[in-house]
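One structure coming up, written as structure tokens, with questions to follow.
Chain nomenclature is as follows: A, B and C, assigned in order of appearance, with residue numbering initiated at 1 for each chain independently.
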Amino acid sequence: MVIMGYKLPNMSSLLIWGLLWEIIGQTGLTFFVPPLSEVFVTLFKIIGTPAFVKALTETAQAFLAGVFFAIAIGIPVGIFMGRSRLLDELLLPWVNIFVSAPLTALVPVLMVLFGFGMKSIIITTTLFGIWIIILNTRAGVRQINRSLIEMSRSFGASQFDAFTKVYFWAALPEILGGVRIGVIRAVKGVIIGQLLISIVGFGALFELYASNFLMSHFWAVLIVLFALAFSISEFLGYLERRVSYYAANRS
Amino acid sequence: MVMSQTESAFANAHPTEQDIAVSIRGVSKNYGAVEALKDMSLDFPRGQLTSLLGPSGCGKTTLLKIIAGLLKHDSGEIIVNGKNVTGPGPNRAFVFQDFALLPWATVMRNVAFGLELRGVPRSEREDKAEKYIKGVGLAGFENAYPHELSGGMRQRVGLARALSVDANVLLLDEPFSAVDEQTRRKFQEDLLSLVANEKKTFIFVTHSIEEAVYCSDQIALLLPRPSRVHEMIRPQIDRSKGVDNIPREPEYLDIVDQIWASLRAYVE
Amino acid sequence: MQNRALYLKVLSALLVFGAWEIAGRIPVSYAFPTFLESMAALARMTFDGSIFVAYAETLKPLVVGVAISTFLGIGFGLWIGLSARFDWLFSPIFIVMQAAPLAALIPLLVMAYGIGLTSKVFVVCIMSMPVIVLSTSSAVRNTPASMKEMAKSFLAKDYEILLKIIIPAASPMIFSGLRLGVSAGFIGAILSELKITPTGVGDIISYSRSIADYPSMYAAIFSIIVLAVLFLNLLEKTENYLFKGNDRGYVTD
């Protein structure tokens, strides 16, 4: 939006919403919404506490491990599906099912199979993120220009070289798009996993704050979480735009 | 002294006793610091086809959209049929480079869309649209959707839509640039007979020199940076020998060469 | 050759279910029933009708929540897409909501609205609304400029441009936004049944887990995934049917 010839930055309206939050909080309209300033004070108080640091590291570990598996498995599977018709026809129905299925329903199964710990949360995270990465990688590989493939073959590239030197790079814009959406889903997955298992990470912290009605603590943690999730998604969006130049001018 | 035909074409660039349908007077248009049009004046004689020809970036589409009322100009006047206009009006109809058809509507509804927006009752507008669908050679395709048609057929739909509102000025923005070469030739022939048969004024934007010389009664050669009218050319090609013979006329070839000589400095 | 795709689909299903059966027979875990046991449990629940009772309960917050999200989401989306001012004001909220793990709000919703239907509807709404708003607004913004110009050149009024150009042009993308919203709504509905109070299918899952009736638990999970996938496929088919050819037609091939 432009006001008096000055273009306001994109996200600047969040300040207005923050102000509104503060006002609602100050009027004491509802117990559930403490003033934003109070939330920030609490935030700085708890940010160094062992409980918070523990929750954050546990979540980060589960998240990073889950995303690692989603990417490390998802990209090669996607490339193979894009290159092999048989594999594609065998796997695609399942990938399509899981990309839109309500995966929350699987968390109880993971809990009974892998216990109430990190393992289940990591698998939940991977499950949330992996399918869209596979689908996008597959789509990226399938749109690779035929002559690029024929070029690499004519210069005698081995299968392995073709995968690492041609297919991966030619499909990079789509792969990064998939990774971005996959990672955003993985963030949701790690939180859903923790909420349902609720004895690790932020899940435990939420239980603690909710049962003691520590509203500003609760909001402080939410703000940290949302801000982290948003930064991750913006960062990946930035990376994607950096490579999108060659999505536009390759043909 | 005897003038060659070509010289007389350039000498006659200012029609004297002609009825002017559209006249632009000192029109300027800026995009921020960029001058798209600067103090441009042009006359478009009634019942004739005038081409706006020039390299890309010379402001020809901008000028056409200003005449259509789709863009606002910063200064100057657009006079259509003697009246100053500032926005779109019923006396002008536009044919779009990318056709601008509604993909969810049939050929019939697309052709009748201009009339639909004017509040013409359904049966009446469909009768009228039917006539123009036949006129552009699409009879039998009334219930087809745009994606089922070829590029050339889509532009015929766009043309029928513009004709059906019965505007006396037709504005065509590179209408044939998105259709293949053979279709394009056919279109140009059809356009000539349209100019001859319909008593309408055509303003035609193109970047093809041959197309402009082939179709036009008058060519406004525009040059960029800053945009200006470089020359007005009135090709006096004898069209009586049939459209097939036009590209063989010496007059045609001379004017094509001459325009290219003016333009080549602006083509990188 | 036309049957190849079908054969391979069947083969693929046989492979996966066969692997499930074998893994259940080994067994890989005491909590991993075979495929046939699970299907038997599903058949039993279908015949005694308990699964239908459960779904009636589960679908309630889902339907209400998705309906609210559709209505509000499309409204907000149109508004944001049409007005630069509302875009500036509201877009950031939905962009953050889209990226953020909103499930974390559940404990708060439970405190504020209790453990009843309201909270569950809320969960479905916050999960499904952002994607509907964002797809609607970007669909509106991406209306081809030449179609709007065309309408303007034929003297369309603003409301006619909205009704005859922008909304029809945006509807394919709005519809796919809705499909994503429904998909997210399913996640929310099940999450709320597992987290807030066990009702419906969530109840079958939780209860059979607590009494170690694993075939029933797997059967319930299997059925909800099948239901969601079938419904979303149906939406996709509808979408393809309604909007076939819509993305083409105004640009050159």
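Structure notes:
Heads up, the rule we're going with is that a residue touches a chain if its C-beta (ideal position, glycine included) is under 8 Å from a C-beta of that chain, and two chains touch if they have at least 3 such contacts.
Chain by chain, the UniProt names read as follows: A = ABC transporter permease subunit; C = ABC transporter permease.
Just so it is clear, the structure is predicted and the values come from calculations on it, not from any experiment.
If touching chains are joined by edges, the resulting network of the protein chains shown is an open path. Relative to the C-alpha centre of chain A, the farthest chain centre belongs to B.
With centres taken as mean Cα positions, chain B sits 52 Å from chain A.
We define each chain's centre as the mean of its Cα atoms; on that basis chain B and chain C (ABC transporter permease) are separated by 49 Å. Spacing of chain A relative to chain C (ABC transporter permease), judged by their CA centroids, is 18 angstrom.
Multi-chain contact residues, meaning those touching two or more other chains, do not occur anywhere in chain C (ABC transporter permease). Of all residues in chain A, those touching chain C (ABC transporter permease) in their complex are 1-2, 8, 10-14, 16-17, 30, 32, 86, 89-91, 93-94, 97, 100-109, 111-113, 184, 187-188, 190-192, 195-196, 202, 206-207, 209-210, 213, 218, 221-222, 225-226, 229-230, 232-234. Residue ranges on chain C (ABC transporter permease) touching chain A, taken from their complex, read 4-5, 8-9, 11-13, 15-16, 29, 31-32, 84-85, 87-93, 95-96, 98-108, 110-112, 183, 186-187, 189-191, 194-195, 201, 205-206, 209, 214, 217-218, 221, 224-225, 228-229, 232.
Of all residues in chain B, only 65, 68-70, 88-90, 92-94, 96-104, 113-114, 116-118, 145-148, 151, 154, 161, 165, 178-179 touch chain C (ABC transporter permease) in the complex they form. Residue ranges on chain C (ABC transporter permease) touching chain B, taken from their complex, read 144, 146-147, 149-156, 160, 164-165, 168-169, 243, 245-253.
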